[in-house]
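Below is one structure. I have some questions about it.
Per-chain residue numbering starts at 1, and chain names A, B and C are given in the order in which the chains are listed.
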Amino acid sequence: MSDTTAPKGKLKSATPWLIAPGVVWMILFLVAPIVMIIYVSFWTQSTFSIDSTLTLASWKNFFSSEAYVGALWTTIRLWLIVLFLTFIIGYPAALFVGLLVKSKTVSTVLLVLCVIPFWTSFLIRVLAWRPMLGKEGAINIILMKAGIIAQPIEVLLFSELSVVIGMTQIYVVFMVGPIAFMLGRIDRNIIEAARDLGAGFGRIFWKIILPLSMPGVVVGAIFVSVMVLGEFATSGALSGRKVNLLGNIIVTQVGSLKWAMASVVGVILTVLLGIVVAGFLRIVDLKREL
Amino acid sequence: MNQMNSIFRLEGVSRQYGDVAALDGINFEASNNEYISLLGPSGSGKTSLLRVIAGFEKPDSGRVWFEGRDITDVPAHERGIGFVFQNFALFPHLTVFENVAFGLRNGIKEVPQDEITSRVFEAIEMVGLAGLEDRGTEQISGGQKQRVALARTLVMQPRLVLLDEPLGALDANLRDRMQTELRAIREKLDVTFLHVTGSETEALAMGDTVAVLDAGKVIQSGNSSEIYDAPASPDVALFLNRFNLFDGVATGTTFRGPFGQVATPVVRKASRDVYAIRYDRVQVFNMGDAIPGPALDARYVASEYLGSSIMYFFEAADGKTVEAEHHLSFGDPQDYKVGQHYVLSWDPAQAIVFGQEGAE
Amino acid sequence: MESKILKPILAVYVGLFLLFLYGPFFVLGTLSFQQGPEGGPQFPIIEWSTYWYRHLFGMVPPSRIAPLPVGEALIRSLTLAFMTMVTATVLGVMAAQAFRKRFRGAGVVFYLIVLGMMVPGVLTGLGTSLLANNVLGIERHWWTTAFVAHVVYTFPFAFLVMLAILNRFDGSVEEASWSLGVSPIRTFRKVTFPLIFPGVLSAMLFAFTLSFDEFPRTLFASGRDQTLPLAIYGTFSVEIHPNIFAFGVMTTLFSFALLAVYGILMGLSVRRAKKQAMQEDIA
């Protein structure tokens, strides 16, 4: 199949007709909107309307406002924390599912178990953390009944912590999947050979397993980053409006018809994403690895 | 070749994959109602050639003619040329009957239902699969799959059928039987078979005409005995796997090789000096026998029965294997001692000599 | 040596990990059976009841808690998911089919398509509504602007699924069909499509569920009529009640029903072949 290159001759090719609808769709409804965000970020905003006179006002507004710049830092901080946690929590699980479980069936069952929660609405899964983490929530009740604490921990809900917990739980699977996939492709003989040479598990892990699973880590990190950076629902539902991410700002700005400011934040988010994804792709050459 | 009798013709057909020329200006003409074998080693471009004729691929340059019509720009489904794949390429979601009926049902020309039924049964009968019509494609053996592939193609009554190593996926026993059957089936119908193979035995056994392909070029074509008796180049001789080939120096009338200097009546023009002697022309003598012609000292290594003949393997002083074939119809096989030296000789008139300064 | 200790430790860890994933799920399921209408969305369970399920379907006397506006929102979401599924799958199959041949610009086109699933919904949503609102001056609706944004999001998934399927597809059956005089279009219908159908089903499943649950794009692009996720989002800012949990359980069951339909359809196509095989063996 793959050895047939496109014929150079005059035989009519269906390729343009097959590819055109998708490409046109993506240009009209993906590229054009993103270009629009950049363009509108330079428009002039008055109280309830906007016109296309170009100005830097909204940009100046963004960088001179502590709240907005603060949201940028909060976004970056939360992203780093969640990225770190999904990696730390997800990697051991992936190690077990992808490498240590010998039976293919068990490994598949475990992966399916990880995916099943996704069949519940994303928003309801977020919401379900409220009765878990609240002052009278499940965790506090269990801890108090066990006698570990005397007073309910209030910081669990409507804080940055609850947002971090919620996001980690929702996105950790996107880290586990790619890593488990890469670990599953490691040739077991290499590990056996290293063991025969007297290498301990720690050494094998650092020298063989971790480097070979790096492409999976990078893909997982890209997934998690893209989703966390664009988040606003989890922070909205679990922080009690205390945590404002770039996404939350966009939502509130659009809600008050401040399209120009929403666009500025959109451009900043796009640039941030671009830097993050490009950075990850520099670590590992995915085209070669996958 | 008679123009009226030609079924297809290739004119300077070239096809490039990246930097590699799979087909390099091929000129070839095939006459109607014939069995043509196309022999070539892997990478010689033989599959590309079939794919270009079938219309699966476009040549970069050159024209393809079929039944007097230039079909270079005609898409595959409008060519009316059958194709039998090495991997059979049966439709896995259809039964044997529906596989065979597929072209009749879905072709451009509407065929009435009862005609489809009768033609399909006839085709299945012809390839000897009667009774298996309702089987799925996974419930039949490799040989049966090949027959379905053949029936599916022949039911469309094409004038030309291209077979891409059709016996390659079958085991040796089945291969021999299918060789005979393929020839028999073709002879019943007015159709040309172009059969691509990497096996010289298959090519020589099956083809009325044999064409030898190397590095994207047809280097010789003719009937099998022509090719067998008079390979046009050292490469053809090599592919036929019937000749001992010796390097040496050819002058106008002699050839100097490991067997000494020998007079050569004819030297054919070639890119290098090569002396070729067919396996079955080589005779084995004991050391010290009086030998008139060329004499090659060689150590006996092993023998192998090939049905009607036996093949003796010798090793010459330079480490090269030299083979001598003895037809059992000419007498009982000799017992040679492994490791012992013998002298190999032959009638120089039967050798084929290629030289850079040769004639033609 | 170490792995003998490591494996059981990690097995326990994976158990805890799954508990972490499913914890909120259990809480949600439990609290959906809270007593109503006084019982709140927290522990302890005052009394087990199915009040909130009945509340969901409007089968209880009116109380101060307004029923979730699920009826119309559900129909909108289903319609939108169906439209998205059909469009995304058709686009995905076509694009993946084109990618079987190498063509100039394939790399750019590939990234352009995959970009649709990588760009956060909040950006596509914002951009689409900017385009509609400020340039074209058209009103946003769930069946126009939200629909195109949904397809931008789901088309890449369908495309990647089909690409994986077609990569493993042996093209010689298509060539066989052409050589029998069957046109490429009819070949696609009669040979290619039946053989890649399981992949198409998977692509459809992906597109449907992703669209059905899609929220950030819809929030910006859907205008005034709410889809289901928007109706749920609306409850975020106000006090929540166990009815939302009951609803969560219902949507999960619906998802599983969908999965079951997918499984049955998949099974049927396999079974048909097997059944035929068995009858043959008996005969």
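By definition in this document, contacts are C-beta pairs under 8 Å (C-beta built on N, C-alpha and C of every residue); 3 or more make two chains touch, one makes a residue touch a chain.
Not measured: the values here are computed from a predicted model.
**Student:** Could you tell me which chain's Cα centre is nearest to the average position of every protein Cα atom shown?
**Tutor:** Taking the mean of C-alpha atoms per chain, the most central one is C.
**Student:** Going by average Cα coordinates, which chain is farthest removed from chain C?
**Tutor:** Comparing chain centres, B lies farthest from chain C.
**Student:** From the mean C-alpha coordinate of chain B to that of chain C, what's the distance rounded to whole Å?
**Tutor:** Whole-Å distance between the two chain centres: 55.
**Student:** Any idea how many Å lie between the Cα centroids of chain A and chain B?
**Tutor:** 60
**Student:** Could you grab the centroid distance between chain A and chain C? Build each centroid from C-alpha atoms only and quote it in angstrom.
**Tutor:** Taking the average C-alpha coordinate of chain A and of chain C, the gap between them is 18 Å.
**Student:** What are the residues of chain B that contact at least two other chains?
**Tutor:** Within chain B, residues 56, 75 contact more than one other chain.
**Student:** Specify, in ascending order, the residues of chain A that touch 2 or more different other chains.
**Tutor:** Expected reply: 4-5.
**Student:** Any chance you could list the residues of chain C touching two or more other chains?
**Tutor:** Within chain C, residues 170, 184 contact more than one other chain.
**Student:** Any idea which chain B residues touch chain C in the complex?
**Tutor:** Touching chain C from chain B are residues 54-56, 75-83, 85, 87, 89-93, 95, 102-103, 106-109, 134-136, 138-139, 149, 152-153, 156.
**Student:** Of all residues in chain A, which touch chain C in the complex?
**Tutor:** Chain A reaches chain C through residues 1, 4-6, 13-15, 18-19, 21-23, 25-37, 40, 43, 50, 89, 92-93, 95-97, 100, 110, 113-114, 117, 119-125, 127-132, 134, 136-138, 141, 169, 172-173, 200-202, 222, 226-227, 229-233, 236-237, 247, 250-251, 254, 259, 262-263, 266, 269-270, 273, 277.
**Student:** If you look only at chain C, which of its residues touch chain B in the complex?
**Tutor:** Residue positions touching the partner: 170, 172-173, 175-184, 186-187, 190-191, 194-195, 273, 276-277, 280-281.
**Student:** Help me check something: in the complex, which residues belonging to chain C touch chain A?
**Tutor:** 1-3, 6-7, 10-11, 13-14, 17-18, 20-25, 27-28, 31, 41-44, 91-92, 94-95, 97-98, 100-103, 109, 112-113, 115-116, 118-124, 126-131, 133-135, 148-149, 151-152, 155, 159, 169-171, 184, 209, 213, 215-216, 219-220, 228-229, 232-233, 235-236, 240, 244-245, 247-248, 251-252, 255-256, 259
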